[in-house]
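There are two complexes below, and they share subunit A, which is joined by subunit B in the first and by subunit C in the second.
And then the complex of A and B:
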């Protein structure tokens, strides 16, 4: 190697160390963190309304949505490894329309964040801190969450990875229910009809939303070739969790009883009994708070980073601080859990359709104009 | 006849050196004569207390004064001739720079000056009395070697050199402190260490401008990136085998003259929970012990907080039998559980701090007064309930299970914000506290090395300690150039 070549290599190495990059694991778990949120606790109810005991098949089908997003993201990353979707959208739609669509795209994260947060506050006030008011929970819980968003992608990536290992027990806990439920609750498979299964899978898609963050953060991955692998791994982890809790709930509670609960998954914690505490749900929800905090932090990061990418003059850190009161206000507006669910049911499907078209159009236009206009722009 | 050449006179040289070293120093000058006929005037200079006098007498003065018969009249390079023929000390050379001569005197070397010469013979007579090598009192391993670092820098380097015979073991020397002029040696293995990281560290060392560096911890504070962080950011050891294994991971060891405590950079969080003993014992035992340490961290930080939460907000969660006895114990106590727990924690901290600095003879009184009298009296005076006392006690005892003292103190300090949070927000406070601790740990970096991160491959030496022959790769978190530690010599992968 020539001396010059060596020098270039050195410079590259130094740059690489300074860049904000995520390892494959951190990337995967960041995706996982944003997807697995409050919806996990009520996911069986969203599907068994329509597809009854076959709800878990609907959830399997719903996984097609994140799968599609991963494939598109992989395609974009191959063509434009350094540009996230906000840049690509401006190239595709022009500055003005691109910016508007970008804002709608970012507003989706803000909306999901507040939904998550409101849902969390509601469930936690039922099972953990019934003596606190809504605003007390919101104001205090958002402080450490915003700290993570403030510190940026590296901290977030590490935290998501560490957090995954620390809360892995949550996936294992419900194994205890195998001793109590009945397999007849899950029978007959496909008994509710294929039609209903497909119909319910549309509802399941809502639970998979959040995966859209992959379009914002794919430039951060260290090893671009592994993007597809990360996405697939993450999708399978999340699908596994959802299918597992759905099967668990149907197996343990049955289709009818499950719908009587707002968060049927928490009842799975009942299978564990330890002599020093009356209700294991309390411990379950406490551990689940960590999952929830990670989820909200990741959404928070997505919003502040997205805004920063749109308005480059203001740093992501300042956006994080500015967003704090806005998030509190929006979250307060939802009110109780019924209202929150109402807004979620109305708005999330619209957002999902928007995201799908937004992403698909950009992908198609990249495909069509490959190497012509984009590279110049 | 006296040879004369008025370039550098003997007295001028001596005075110059005296000025450079400092006139107030106890510099010893001894004039003598070399040779019989055409003799030379000469002098040796050394610092009292730093040089070995018997070496000077036996190997310098004796041969030069009594056994020289040469005629120096027409000789060139007299200095070289003299030291090559007459001085029986191995590390001897000729120096021209008078500043370096002064530095060498301060480090215990002896200078031989011959008349009318501008060149100085430097003879290594470094001596002085040092502590002998003993086992470090603060770090005990039942099966490890019994030697520990001492205050002498050369001895410490030699201890490491004796252990690592690799030709790539590199040492670099720095002099720190305007007034103390303390020697710092950094050691690393040249083909393992990450060059960029090394350069960063060296640049950082070169920026230090301070009047004295008394201890490695002072240096640590000059270098660290998070001065107000509660967690210690640099780990060190007094045991050479610990430093050896850290060097093998691609770390850089800092050996400072005058301190037996050797630090290594970069440091990551999990190192504070590992001990030498972990690597010497059985794999399963180590796993259990490490789990115990993690449990201790959890207990120290959250036990008092959980207790407050349960007592104050979530009584319904306590089984009925427990709550009966809790109420019994709390009968007649006016202080709130939070206040009494806080008071008890602080009292125990006082005892711990007192016990640390006390001579052991007074320590006994402390433990009697503290443990028996205060504990018993507090109960009888209805200041605390017995369950509160138990929780405070467990939390303190658990903190001793954290192997590294500084980390143990940091973890214990976290109890207080946790207590306040839980008294205010119940279990939400504990969740917030823990999430913040994790987030804060994840956000910390030392020269670009993450302080707290999990990587899958490093798991072999984090919570578990895999069998040594399975740890084929160096830890990923530590930057290095050579990831392979050893080959898969037991062929486990092909089986």
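And then the complex of A and C:
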């Protein structure tokens, strides 16, 4: 082979490597799409239960959780820009314990995915396609979702980038409610007591889960220096969405009426009145499924990529195909929304605590043995 | 990777099969086979049987007519079953434009009906709600001349109530849902009646939670509307006899203030009324003389204040309900969820009304 040919091959290799990396926007919006899912539709209720009209303050406080994760991720990325958390945990805990903890970490994504999917199926069947059965929705909806996950991180990043604008439009669209509601519903601020506000912020943290994916995908970012900026931007976007949705719901429906709905945010869509179309609800829920598809795809990618990183022999694509029936089966087991919420309330907090300790311990051990043992291992 | 390349065709076939298997036997619905109700009634008789009549369009050749489908049962959900036995089409709830509650069910309580509405994701939340005298079936069945059915007439009538009489457009289903259980709020719904071979709005029904507790006639309803709603329109009149009177088309602006003095609440309602003179035969030379105009403004102010105070006394003594949503203002200042019964508190507290009246235009001239 000539020298020239070698050079071309080299350039191609670099290009291919670049193709696998995410731009700053794509990275930010990938983080955003994994967080903004079905929880957006019911988040006002989770906080209103405890902190009443001050629910939005609890949500602001809850944003500390993703902020913490971003800071830790930034720290890890500075020390080990090419290794994701699964590799680091093996270095930290040893091969055996590290692998077990990694599997628990990955199972969190699988569990969140199925909860999300079950919630999606329930919302969609109530508001949109009441004539379809659960399995019909699940089997068909999972095909495009798995296709995106199958195509890998770059496709996912592009989809999330395009979809971001749709999400923002959908969430900000119900601004028409300002004509109907009342500021009296939001008053008095801090009337429910600081104690309750803090208590409710624990519930809000659950809605922010999903941010953990940053530890899996930070090696994919093109410009590593911008990781912190991406993370902060994403956290502020998500916090803005949640706070707006909560303030909107309290403003429009009030504390008491909001709790009568399972998904009060869909009610906000009704404030848009278009002649001929009876209610904007159907259009909202149809467009929202696209948001939901992005969210589930990102979870799907996290699971298949994580498994691939643990068992290197099997490619991520094969894992994607193998996961399809598993996801369907687990999702079918949840059934109706009350059951889904029951499992979510029980297990998600445990996972959040696990993730927090898992991530923190790795970070601390990196800090303690900075540059000594790790580099050699 | 190789494995996938080899079996690409298998995956393709599986995906196609999944789609085919999932959608075998799913079919759409013909519009002729659908019962599309425009008006839904709700009634309960003395034997506690719910009666829910649907007023639905029916398509004959090229003519569209409407027909009543009755559903009677001991519980609300079962009325659907009962109605299906009497109809030749499949019911599709969702395009409703009017809910007509009879006085009877309003006094019995609307909670069950609101519950079935909130459960159904297809219900039109912007449908208008009215209370009717007599049974709701009679009201829906009534033929109004020039309109295909009574539901469309009521829909148009209630939507345009806001033009006069200080009504404000807050009689949709979602407005009712929002008001029923919220602290310090009470719903008002217009009462419609069949009178002189047409349907007419004759007053306001006053609600405490989900039950109707009183009826205000139109004269009183106007004052309640002025006091309760912001930015409403109507005509104020001073009259001596049938030849001497002055009409003023007024737009109102209302502000509320709440204070707590020694554990007792005090409310101050400030009304800022801006009037356009429509007709005037009472005051001479009003367009040229500044003092006459001032006198008219003063007279009107005293008259409105008197009416408001009478009305507030009636609210305190007769309805014993927080009709004016004053509890909400107090709650938003002094804390929610304290378990205060605002209906009781309002009856014991001072309500002061300050009226400002000013004329902005006098029209083309004076005859």
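Everything below uses one rule, namely that the second predicted complex is superposed on the first by the 358 of 377 C-alpha atoms of A that agree within 3 Å, B and C clash if a C-alpha of one lies under 4 Å from a C-alpha of the other, contacts with A are read in each partner's own complex, and residues count from 1 in each chain.
The rule is short, and it goes like this: a contact is a pair of C-beta atoms (placed from the backbone, for glycine too) under 8 Å apart; a residue touches a chain by one contact, two chains touch by 3 or more.
Given the structure is predicted, the values throughout are model-derived calculations rather than measurements.
Asks: Examine A:131 and indicate which partner it touches, taking first as subunit B and second as subunit C; both and neither are also allowed.
Replies: both
Asks: Would you sort A:254 into first (subunit B), second (subunit C), both or neither based on which partner it touches?
Replies: Second partner only, subunit C.
Asks: Let me test your reading of the model: by the given contact rule, A:143 touches which partner, first (subunit B), second (subunit C), both or neither?
Replies: both
Asks: With the two complexes superposed on chain A, say which partner A:163 touches: subunit B (first), subunit C (second), both, or neither.
Replies: first
Asks: According to the stated criteria, A:293 is in contact with first (subunit B), second (subunit C), both, or neither; which is it?
Replies: First partner only.
Asks: Is A:155 in contact with subunit B, with subunit C, with both, or with neither (first, second, both, neither)?
Replies: A:155 contacts subunit B only, not subunit C.
Asks: Return first, second, both or neither, reflecting whether A:23 touches subunit B, subunit C, both chains, or no partner chain.
Replies: first
Asks: With the two complexes superposed on chain A, say which partner A:276 touches: subunit B (first), subunit C (second), both, or neither.
Replies: In the superposition, A:276 contacts subunit B only.
Asks: Intersection of subunit A residues contacting subunit B with those contacting subunit C?
Replies: Dual-contact residues (subunit A): 131-132, 136, 140, 143, 278-279.
Asks: State the interface residues of subunit C toward subunit A in the complex, per the touch definition above.
Replies: 1, 3-4, 11, 15, 18-19, 22-23, 26, 94-95, 118, 121-122, 124-126, 174, 177-178, 180-183, 185, 328-329, 331-337
Asks: Given the complex with subunit C, which residues does subunit A contribute to the contact?
Replies: Per the stated touch rule, the residues are 52-53, 126-127, 130-132, 135-136, 139-140, 143, 182-185, 187-188, 191-192, 252-257, 260-261, 267, 270, 273, 278-279, 281, 315, 317-318, 321.
Asks: Report the residues of subunit B in contact with subunit A in the complex, numbered from low to high.
Replies: 196, 313-314, 316-319, 322, 425-432, 434-436, 438-440, 442-443, 445, 448, 450, 452-456
Asks: In their complex, what parts of subunit A are in touch with subunit B?
Replies: 13-14, 17-18, 23, 25, 124, 128-129, 131-132, 136-137, 140-141, 143-145, 147-148, 151, 154-155, 158-159, 161-163, 165-166, 275-279, 282, 286, 289-290, 293, 297
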